[in-house]
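The next block holds one structure in the form of C-alpha cells; read it before the comments.
Naming follows writing order (A, B, C, D, E, F, G and H), and every chain is counted from residue 1.
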Amino acid sequence: MPKGKVYFEEDMCKGCSLCVSFCPQHILYQDKTTINKSGYNIIRVSEPEKCIGCAFCAMMCPDSVIKVEVDK
Amino acid sequence: MAKVLMKGNEAIAVAALKGGVDAFFGYPITPQNEIPEYLSKHLLAAGKVFVQAESEVAAINMVYGAAGAGARVMTSSSSPGIALKQEGISYIAGAELPCVIVSVMRGGPGLGGIQPSQADYYQATRGGGNGDYQLIVYAPETIQETIDIMKESFDIADYYRNPVLVLVDGLIGQMMETVDFEKPVKKRFIPAKDYATTGTANHPGRNIVNSLFLDPVELEQHNLQLQKKYQQIKNNETKYEMINMENPEYVIVAYGTMSRICRSAIESLKEEGIEVGMIRPISLWPYPKAAFNEIPSGVKGILCAEMSMGQMLDDVMISDKGRHEIGFYGRVGGMVPEPEEIVDAIKNFKDKVVK
Amino acid sequence: MEVKYQKTKGLTDKKLSYCPGCTHGIVHKLVGETLEELGMIGDAIGVASVGCSVFSYEFFNCDMQQAPHGRACAEATGIKRVRPDNIVFTYQGDGDLASIGIAETIHAANRGENITVIFINNAIYGMTGGQMAPTTLIGQRTTTSQDGRNQVLTGSPIKISEIFSQIDGVAYLERVSVTNPKQLIKAKKAIKKAFTYQKEKRGFTLIEVLSTCPVNWGMTPVDALKWVESNMVPVFPLGVFKDAGEKNV
Amino acid sequence: MFDHVNIKVAGFGGQGVMMFGQLIAYSAAYEELFGLWFPSYGPETRGGTANCSVIVSKKQINSPVFQSANHLIAFNLPSLQKFHDKMKDGGLILYNSSLIKDQVTSDKAICIGIPINDIATDLGSIQVSNIVMMGAYLELTNLFVESTIEKVLIKYLGEKKAHMLDINMEALRKGREYVLEAGVTYA
Amino acid sequence: MAKVLMKGNEAIAVAALKGGVDAFFGYPITPQNEIPEYLSKHLLAAGKVFVQAESEVAAINMVYGAAGAGARVMTSSSSPGIALKQEGISYIAGAELPCVIVSVMRGGPGLGGIQPSQADYYQATRGGGNGDYQLIVYAPETIQETIDIMKESFDIADYYRNPVLVLVDGLIGQMMETVDFEKPVKKRFIPAKDYATTGTANHPGRNIVNSLFLDPVELEQHNLQLQKKYQQIKNNETKYEMINMENPEYVIVAYGTMSRICRSAIESLKEEGIEVGMIRPISLWPYPKAAFNEIPSGVKGILCAEMSMGQMLDDVMISDKGRHEIGFYGRVGGMVPEPEEIVDAIKNFKDKVVK
Amino acid sequence: MEVKYQKTKGLTDKKLSYCPGCTHGIVHKLVGETLEELGMIGDAIGVASVGCSVFSYEFFNCDMQQAPHGRACAEATGIKRVRPDNIVFTYQGDGDLASIGIAETIHAANRGENITVIFINNAIYGMTGGQMAPTTLIGQRTTTSQDGRNQVLTGSPIKISEIFSQIDGVAYLERVSVTNPKQLIKAKKAIKKAFTYQKEKRGFTLIEVLSTCPVNWGMTPVDALKWVESNMVPVFPLGVFKDAGEKNV
Amino acid sequence: MPKGKVYFEEDMCKGCSLCVSFCPQHILYQDKTTINKSGYNIIRVSEPEKCIGCAFCAMMCPDSVIKVEVDK
Amino acid sequence: MFDHVNIKVAGFGGQGVMMFGQLIAYSAAYEELFGLWFPSYGPETRGGTANCSVIVSKKQINSPVFQSANHLIAFNLPSLQKFHDKMKDGGLILYNSSLIKDQVTSDKAICIGIPINDIATDLGSIQVSNIVMMGAYLELTNLFVESTIEKVLIKYLGEKKAHMLDINMEALRKGREYVLEAGVTYA
C-alpha cells in the first residue's frame, strides 16, 4: 500500500463531509467540538498512518481544502 | 383575520387573491420570490392558474394572452426582470388590456444588487417600451397600504383597460409588519369584458386583441383615444398625502419607504423646532402635480428625497414650475438612508440645491 | 351541379395581404377549412405572430390575438390556461418561431401546452424584406447573406421538427409541404390531426409547413414551389416526427 | 415595557437568527402592538453570516431602518464586532458566550453573555440555542407577557414540528433560569 | 466621394464604417433594415464581424461581450426592438462599456406601425432598464448631421466608456438626401482599453467585466462614480443649435425631422412678419438646459413640437423652470406634420398651452 | 513525498461562495484544472452567468465577463467573434441555460460558435431559493411546486443534451456527473475534450454536469450525491450525445 | 370523365398563375390584356368543356379565387 | 428651371414608381442641387400601390414633407384620385393614359396623359413604361440637362443591367417624342 499524507487548509473548510464520506480508509471525521472562523466544524484524520494517498478526499472536496502528498 | 404579522411579498400575494386574481405568470427573481411561491400554492389549490414562465419575456406575454382572453391577471418581478418586460408592457397598454404588474425594486444598474432601491422610477413612469403609453403607477409606503392598493388595482385595471404597476422597494417586499386585510377599499362598477377573445360562440362578432395599426391615420386616432383615457385617469385616480403642511419651513417630497424615513425625520425636526411638511405621492403616474399648487407661501425650499440618484426629481421640477428652490437627497445601491440623514439634509438645505 | 370546392367559412372575406402566389394563402385555407370541418370556428382563438402573417387576425374567421414577435406560444399559453376548453392555435413564421421565439416555443412544447402551432418555414424573413432566417439554406442569397449563407459564419439551417421530436410534451409533430395538390392534401390531414389531438387534450402539436416566398426568393410562384421540392425537402425531410398516439391521453 | 424598541439580531447562518427576530415581531402582533421585522439579505447571507432588524412599538412605525439599536443580540463574534458601536444609550447587548469568550463591555449598553451553545447542547439539541437566548432576552426585558411567546412558538412550529415544542419550551426556561441564576438584570 | 445621394440608413452604415466599427450585431426590423444589410456585405468583406443575432436580446448581449473584449461595436434597431434591449443596455452602462446603438423610431405603442415617429424619446433618455444610468443620446436632423454624429459617436463612447444612442425617426432612415462623407469631425484622444478581456496573457492582472456589486456600499460607490462621469459628459458633450433667436415672439423647441419642419414654418411665419426662434437640442441627453437661460426677454411662449404626444415636453418644462407659458403640438403614429400645421400652432398658441 | 493533489492555479485564492458540499465547487475545480493542464489560463475568457455561480468571475483565474441571466452564450458569441483566438467558455445553471437562456444557447450552437459551455444541471433554481427549474424531476418539491412537480401542469424535465444532439453546429456534447471519484474523472475528461475541440476550432461544445443543491433539496451533501445517482441519472442518462470527431474540422 | 365548371372571383385574383400551372387539363391561361382593380392580369378558361372538376386549380389558389362545381 | 419643386410619384407596385422618384433625386445630386426622396412605405406597399415624394431644390431642404405638390406623376387611377387635390397652383399632373381613360382636369394644374403602357409595350417591354413617363416629364419640365438622366441611368442600372440601357434610352426618347408630337407644353 502506498503511503499518503493529507493537509487541510482549515479556514476554507465548510464541513460538508464529502471527504469523510469518500475516504476508502474511513480515517476522516468531523470534529464537532471545533469550529473555524466561518463557524463550520473542521475535519480531522483519525489514523494518519492508514492514508493511502488516493486523493479521493481531495478530489471530492468542493472547496479545494485538501492537499495530498504521496511517497514516491 | 384581524391584525397579523406578514412579510410584504406574502401580503401582496394574499391581497392579490382578495383582489380576485385568476392567473399569475412570473419568473423567479430576488427580492420578490415569496409572491410567486405563495401564489403557486394557493392559486392552484383554488383551481386557478399559476405558471412559472421560462422568462420574464414569456411571463408578460402570457399575461397579455390571458388578459386578452378576459382573465384577471398579474405578474411580479424586479428591476432587470421588469426591463425585459418592456416590449410586452407596451403591447398590453397598446392593446388596452388590464393587468397588474408588481415591481419590487433592487439596486442597479445592470445586475446591480438585491438590496432595496427606488431607482426604477423612470422605468415605471416613463417606461422603456416604445410609443406613447402610460401605466398607472402606485407606490405605497407600508405593507398595509400595499395590501389596500393591490386589492383595488385589479378593479382600476379593469375599469380603464390599462395595466396598473404597483411599485415597491425591496424593503417593503422583504420586511414583515402587522397588517389588517379587511380594510375596505373603493368599489367600482366594472363593465363586462366584451372585448375578450373567448371564441365567437360566446359573443357577438369577432373579437381581436391587437396593437397594430399600419395606417398612420388609424394609429394616430388610436393614440388620441389612449390620451383621452389617460386624461380621465389623471382626473380620477391621482392619489397623494399632505403631511404637516400647515406652516412648514421646508417641504419634502418622497414616496414609498423613503417617505416613512422622512416621517421620522419630520418628527425629529419638529422636536428641534423646525417645521417640515411632506407631499407624499401615492400615484407616481398620474403624478400629483396639483399638490404643489397647495404649498403654502413662505416655504424656503423643496427637498426631493429618493433611494436613487434623482428620478422623481424630474416630476418635482415639472410640478413646482420654478416656484421654489429644489434640493435633492438620495442614497442608492441598496443603501437605505436613516432619518438622521434627512434631518441633516434639511438643516443643510443650501448644499442640496440642484442647479 | 354541386359545389366541389369554394372558399372556406374558416376565413373572412377580407382580401389576403400576401404577395401573389405566396403559400401563406394556401396554408391559411387549410387551417380555415380544418376549423370549419371540425366545427371549431366558434371555439377557436388564434394567435397571429409578427411576419407576413401579422394580419392573419383579419383573415381567420375566429377570435384572434396579435402577439409580439416570437411570443405567440407564450401568449397562447396565457389564453389556453384561462380558457382550457377553447381551441387555441398560433400561426408563426420561421423568423418568429425558430429565431426570436424559439424559447417560448420550446417551453410551451415542454410544458405540453395543449395548443396547435402552424409553423411556416419559408427559409427567409419575408415581411422585413428578405433577410436570412435560421432556416435559410446554405448558399441561399438573402439581403443579409448576399454571397449566400455561409456555413462557417452562420451555421446550418435549424431543424425545428428534429429538435422538437426530443421534447416529451409534444403530442404530434409533422413536417409537410404544399407544393402540389397531393402534398396539400397530406398537409391538411396533418393539420386536422393536430387540431383533433388538441381537442382530445393530448398536448402540444406542431405542423411545420415548407412554404414559399416568391418575392424575396426572386422567383415566380411556380418556380418557388419547385425550389421547395428540389432544395428544401432534401434539407428538411417531410414526415411525422412524433406521434404520441394514445400515450398522452 | 417600552414605547418603541429597535432590536438587532445577528450571527452565523444556521444559528436561528432570522427566527429569533421573527418570533419577537410575531409576539408584538399577538399583543396588538406594531411590529416590524426585516432581514439583511445580501452577500453575507450565503457567506455564512446573517442579521435582521426588529422594531416593536406602541404606535405606527415610521422609518423601518434605524441607526442605533436599543438591543443587540449577537450570536457570534463578527456580529458583535459589526454592531457593537451602533447602540443607543442605556441599551442591552446580549451575546453568545459559548463562542465569545472574552467579557464584552460597552459604555452605552449593559452587556450580558449567555452560553447558549452549551445550554442547548446540554438539552440535547444545539438547534434550540436561539430559543435559550430568547428565554434570557425575555427574562431581562419583559417585552411580552409570559404566555405570548408560547402561543407564538406553537404557531411558528406548526403541525409539522409540533413535536419540537417541548424542547423549545424547555430551552426558553433554561434561558430564563440562567439569567435569574446569574443574577443579572436590565431595567 | 463628394456629394452623393444616399438613403439615411445606408448613410448610417457607411458612417459607422468610417467611424471604425469592428463588429455589428443586430436583428432585422423595419424601418432600419438597410443598416444591417449594408454592413453584412461590407463588414465581412473587410474581414470584420457581422452577426445577425437570433433576437434583439441576443444582439445587445453580443454587443456587451464584444465591447467587453475591446472592440468597437454597434447595433441598430427600432422601437419594440429597442424595448427588448433595455436590460442589456442597463448592463452595458453599468459595466461601463462603450458601444453605439442606433434607434430608428416608428409609431407605437406595441406593434404600432412602421411609419416615422418620435415617440421613443422617453425610451432613449429615461430608458426602461433598471437603475440610475444614462445613455448619451444624439438626435440629428438631416442625413448629413446623422453621418457626422455617427462618425464621432464611436470616439465619444470609447472616451467615456458609455453607450451612445443615435436617435432618428423612420423618415431619416428611409429618405435619401445629398450628403458629403468627408466633413471632418472632432477628434478625441482615446486611451488604450486596458479594461478589456483579451486573456491575462495580454495584459497585467485579471480583467473582469461586471455590473454586480452585492455589497450596497460598493454599489453606491459605483453609482456615485457613474454620476461623476455623467456630470463630466454634461459639461462637455451637450449640443444644440439656436435659430433666429435675436428677437422672437415665440420660441419653438424641436429636434430631428420635426426641427426641419419647424424651420420651414419659421420661414413662412417670417414672411408674415411673425418672428419665431428655435432651440434645437442635438443631444437629448445631456439635455441643453442652459439654452433656455438664453431666451431673450419678451418671448410670449415656448412651443414644444414633437412627433409624439409630448415626451421631450418634460425636459422643456424642467429647463424652462416656469419662466414661460409652454405650448405643445404633436402628431403621432406615423403622421408627419407639415410646416403649415406648425404655423397654425404658433398663430393659435393660446390653444396649445399645456396646463 | 510529492504532491499528488492540490488546488489548481486555474482558480483564484478567493473562498468559493457556494454552500457546503455543493458540487458547483467540484465542477469549478475541473474547469480550473483543465485550463491549467491545457495551458489555457492566459488565453481564456470566461463568462459567468446569473445563478449561484454568478460570482464565478471571482473564482476562475482568467479574464471574465459577467452576463445577464440567460445571455451567456450571446455574450460569449460577441467575445469570440472579435477574439477568435482566445478560449471562450460559459458556466451556466439550468435556470440560466435551459429556461431563460435556451434561445441564446440553441442559436450559439446552431451557428456553431466555437465556444465551450459548462452546463450545471441541479434540477432547481439555487440562487433564488429553490424554485422549480425546467429540469426539475416529476414529483420533486420546490418552492414553486410545493406538492411536487406536476407533469400535467408543467411538463417533464427538459433534456438539453438530447435536444442539442439534433443541432448541426454542435461538435461535442456529453452528459456527466460528479457523484464519485470515478464519475469525476470521466467528467474531467469530457471537459478537457470540449476545450480541446474548441482549440481545434471544431465548433460548439457543451458538457452537461448533473449537479447537487443540498440546501434547496433539503439533503446533506452526501445524500444529495446519492439522489443524483438514484433519481437524476435515470431521467438524464449519462453519455456522449454527439461527437462530430474529425468531421467539423 | 366527370364534368366541372370553374368560377373566378376576378377582383381577388393576384395573377400568380398557380392555378394555370396545376390544371391537369391545361385549360387555364392568363389574359395579359385585362387587369383587375388591383392591377393584376386575370385568368381565363380556354376550353371550359374540358374541365374535369378536379379542383386542383382551386386547391392551389392561395387567394380562394376559384369555386368549382361538378356534375353529380 | 425651378428653385424648389415638390414632386409626388404614385402608382401600382411594380410600375417603377420608386425608381422614377429616385432617378430624379439622383439627377439633382448629379447637378449639385439638393435632392431629397422618400418613400411612403406602409400598408399600401404590399397591397399593390406605392408612392414616393421627391424634392429638388437650389438650397438646403428644410421640411422633408409637403402638403401640396408642384408635380404629380400618377401611374394609375387610385393614385390620381388620392393626390389629385393636393396640388399647388400652376402645377403639373402627368398621368398614365393607358390605364386612366377619362380626360383628367384640375383647376390648379395642367393635366397631361401619356399612354405609357402602350408605348412601352410597343417597345417590347412593359417594364420601361416608367422611363417613357420620365422622358415625357423631362421634356415638359426641363428639370435637368439632357445628359444628366443618361448618366444617372447608367449608374442606376449598374453592370448587371447594363444591357437594359438601350431600351431605357429608347423609352426616354419615346416619351419625349410623344410630348412633342402631342404639342403639349408646361411653362
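We adopt the following convention: a contact is a pair of C-beta atoms (placed from the backbone, for glycine too) under 8 Å apart; a residue touches a chain by one contact, two chains touch by 3 or more.
Treat the numbers as computed from the prediction; the structure is a model and nothing was measured.
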Completion exercise
The chain pair with the larger count of contacting C-beta pairs, comparing B-C against G-H, is B-C
Exercise for the section: Averaging each chain's C-alpha atoms to get its centre, pick out the one most distant from chain F. Expected result: H
Practice task
Please compute the C-alpha centroid of chain C, do the same for chain F, then give the distance between them in whole Å.
Solution key: 34
Practice task
Determine the centre-to-centre distance between chain F and chain G, using the mean Cα coordinates as centres, and give it in whole Å.
Solution key: 59
Fill in the blank from the handout: chain B to chain D, mean C-alpha position gap in Å, rounds to 35
Handout entry: For chain F, residues contacting two or more additional chains
Key = 18-19, 54, 66, 68, 99-100, 102-103, 107, 111, 134, 153-154
Handout entry: Where chain B touches two or more other chains, by residue
Key = 30, 51, 54-55, 57, 80, 87, 91, 95, 110-111, 113-115, 210-212, 214-216, 334
Handout entry: chain D residues counted as touching two or more neighbouring chains
Key = 42, 47
Completion exercise
Touching chain F in the complex, chain C uses residues 99-103, 106-107, 110-112, 134, 151-156, 158-159, 162-163, 165-169
Exercise for the section: Can you check the complex and tell me which residues of chain C touch chain E? Expected result: 50, 54, 66, 68-70, 95, 99-100, 102, 125, 127-129, 131-132, 134, 143-146, 153-154
Problem - chain C residues within the chain B interface of the complex - result: 12, 41-45, 47, 54-55, 57-58, 61-68, 71, 74-83, 86-87, 103-104, 107, 111
Handout entry: chain D to chain A touching residues, read off their complex
Key = 12, 14-15, 47-48, 76, 99
Problem - Touching residues on chain B, where the partner in the complex is chain E - result: 57, 79-80, 82-84, 86-87, 90-95, 105-115, 117, 119-120, 122-123, 126-133, 210-224, 226-227, 308-311, 314, 317-318, 320-323, 331-335
